[in-house]
Amino acid sequence: MSVVEIKELTKRFERGNVVALQDIELAIEPGEFVSLIGPSGCGKSTLLRIIGDLIKPSSGTVTVNGKPAPRARADHDYGIVFQDSVLFDWRTVAKNVALPLEMLGWDRARRKERVDEMMTLVELQGFGDHHPWQLSGGMQMRVAIARALAFAPALLLMDEPFGALDEMTRERLNMELLRIWDASKSTVVFVTHSIAEAVFLSTRVVVMSPRPGRIADIVGIDLPYPRGAQTREEPRYFELVTQVREALHLGSDLDQVPVQ
Amino acid sequence: MSTQPVAVAPVPRGALSNRVGRRALDWAPAAVVLVLALVFWQESIAVFNIKRFLAPQPSAIASAFWDHRSELLRAGWFTFQEALGGFVIGCSVAIVAALALARWRGVGRALMPYAIAANAVPIIAFAPITNAWFSPFDKTSKMAIAAVLCFFPVFVNTVRGLTSVRPASIELMRSYAAGEIDIFRRVRVPTALPFVFTALKIATVLSMIGAIVGEYFGGSFNALGVLIFSKSSTFDFEEAWAGIGVACAFGIAFYLAVAGLERLALRGAPSTEE
Amino acid sequence: MAVSVATTLTVLGVLVGGWELYRWIWITAGWTWPFIVDDTSMPHIHTIVQALFRRPTSGVGDVLVIQLFHAALFTAKEAVVGFAIGASVGFLLGVVMSEWRVLQRGFLPYVVASQTVPILAVAPIVVVYLGSLNVAAWFSVAVIAAYLTFFPVAINTLRGLQSTDRRAVELMHAFAANRWRVLWKLRVPAALPFIFSALRVAATASIVGAIIGEAPSSIQDGLGGYIVNFNQYYTLNPQNLWATNIVAALLGISFFLVVVGAEKIVVRRAPEHIA
């Protein structure tokens, strides 16, 4: 059973009669790491939010974990990480990570145990009593990831989480993320506008074209895991980056269809 | 002074270690200013030969305070009770109203301009009327005016705080399938707290002003405002100024108490530094 | 903040209706809590309106509404001058405190404490003292209005100046701007929303200050004087005091609207993105 199954998905925004997404068909299998990449305005963030039932589709179906998206959201089947870490200033780091667990009604002992586990997973043990603004951007993002994984969801949705960070922190967090993904055995849908990042992280890269957002191509990434610094220097990596890049350019050229 | 206090976004506080250093050395300049001011006051009275009426020497005021300290402090306590009562009533009603208004956003948005306009009314002009409603000798009349004065700033600021949440935080909570009440409890209320405390601090000062202005239009002989005015009219200026000093002291203490509560409640979160 | 005429009329209608309804219920039921309702404590709205068009002092002088209008102008004059003085002083104080931390630590506690002084008690002293220096009484009241006005402006100017984006300051330094350039070209413009927020408060504070200044100082020409007078005859003629309150309220709101209007013209900013 696919973790995410999208059929004939279309999304219009009434205001400008803008077609954000057109006839999207996508199936994501358990354990995959799927990146959504495309130029600004191609609807990748919108698609992510539709999967998370934060935006309703105009037509088509979205099934998450075999259930309709709203049920999946109500059942806490996924965790989400935004580009802005969206941590609560008035809570300590530990309490931030514990937030979803509180909402799920876990008791204090269980919460503490899981929070400690998560903090270790993202390598921030010892920072539990700090406040978000005392941490660097990269550290805040790790806290956000810890929070998203706190209740061990099957699916992790990430919307350009490393977009606001510098290149080196980004590359480090890329490897961290792969390690965490491997350890947690979750499925990841990852929105990015960095080709290098998409190729480095994913099992498949979904290339999207700008308005109306369509899937231009899906590039399978056959680089072996575990990936590391050396992966970025392999010839196959560069081939795949080029392949994705060409798919992107091709995708933009397709945008000659007039919008009604 | 009245009306809408500065509903300003909180200014981030520095690391915890800085706060400890704030205590001792930071108060030095203020202490210096105080000493200089008192000395200047004391000397210039003599040098410029300023009449007693305007400003007796601090030493004279101090001795007048000492001689009548129990009377003055009792009167101050009486007036403070009026202020405190008004403060509690006005602020609680304001917070409840704000919670209700933030809950029903449509109504809230429609009514906000009127609340803000009501905030612009010089409510102090209303003081004689509350004296007519309740007996002037009863604390209730002053509590009423203090409560009305406190209401609007706290109301406007609390609503502002409750509704100034970042959309991303709401989205995050929705991803947890959180209901409106959960969002309220976990996000809106904590976000609003700094705003609420800013307003509460201002309300402390407003409530004292309300009490004393109310007393001007008629009050019990046990009240500080009445004491000050009657001493002024019998040319006991030293004692009148001592009374003014006591009023200040109660006002400052009240303000500091609420500021202290703010420190406790907002432990760790970015606060409204003054 | 869209305020339509229709909504305003509705709100006024609700207020008037609510008043009369409350009156009717309490009188009919004979309830005494929170206070006894009768023609003295809550006159009919129409008697208040009628009183505006009668002469308050039996047959002499203008009708009440004209008198109150002149009084309002008198008070407004004091308030405007007080506002100008207070806002300028407050602004300068805010700038000084933000540029030199020592001065901030030295003065800020007293700026805050200054508002705990019961100015009502001090007002007559100020009027008499300045009068002995041949200053017009109304100007002394303006000084008192300034006393209430400077505080919110000082506090908010300080806060606004302090909350400038550090990166913007660094940018200015990259342009070799000295501290004054940074102040005038960056900090102050960036602080304008804060300052205007305070000016809205200050507008009303200046009117309150003017009224409080007039009341104990035996100044007859302003609204404060009328309030004191009508207070003495309240039981005979409650309508007059209520009418004065309404005029004072209108004055306060007009001042406020003027500042809001000025803000719209002066400050053009990206809309706040809030939920």
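Labels for the chains are A, B and C, by order of writing; each one numbers its residues from 1.
Convention: a contact is a pair of C-beta atoms (placed from the backbone, for glycine too) under 8 Å apart; a residue touches a chain by one contact, two chains touch by 3 or more.
This one's a predicted model, so the numbers in the text were calculated from it and none came from an experiment.
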Which chains are in contact with both chain B and chain C? none
Could you find the chain whose CA centre sits the greatest distance from that of chain B? A
Of the chains present, which has its C-alpha mean closest to the combined C-alpha mean? B
Distance between the centres, which are taken as Cα means, of chain C and chain B, whole angstrom: 16
How many angstrom lie between the CA centroids of chain A and chain C, rounded to a whole number? 53
Centroid spacing, where centroids are CA-atom means, of chain A and chain B in whole angstrom: 49
Junction residues of chain B, two or more chains touched: 166, 169
Please name which positions on chain B make contact with chain A in the complex. 12, 15, 166, 168-169, 171-172, 174-178, 182, 186-187, 190-191, 193, 266, 268-270
Once bound in the complex, which stretches of chain B touch chain C? 1-9, 11, 26-30, 32-34, 37, 53-55, 110, 112-114, 116-117, 119-122, 124-126, 128-129, 131-134, 140, 144, 163-167, 169-170, 205, 208-209, 212-213, 216-217, 225, 228-229, 232, 240, 243-244, 247-248, 250-252, 255, 274
Listed in rising order, the residues of chain C that touch chain B in the complex are 1-3, 7, 11, 34-35, 40-41, 102-103, 105-110, 112-113, 115-118, 120-122, 124-125, 128-129, 148, 151-152, 155-156, 159-160, 162-163, 194, 197-198, 200-201, 203-205, 207-209, 211-212, 215-216, 223, 227, 230-231, 234-235, 238, 241-242, 244-245, 248-249, 251-253, 255-256, 272-275
Going by the contact rule at the top, pick out the chain A residues touching chain B in the complex. 52, 54, 73-76, 78-80, 82, 84, 86, 88-92, 99-100, 102-103, 131, 133-134
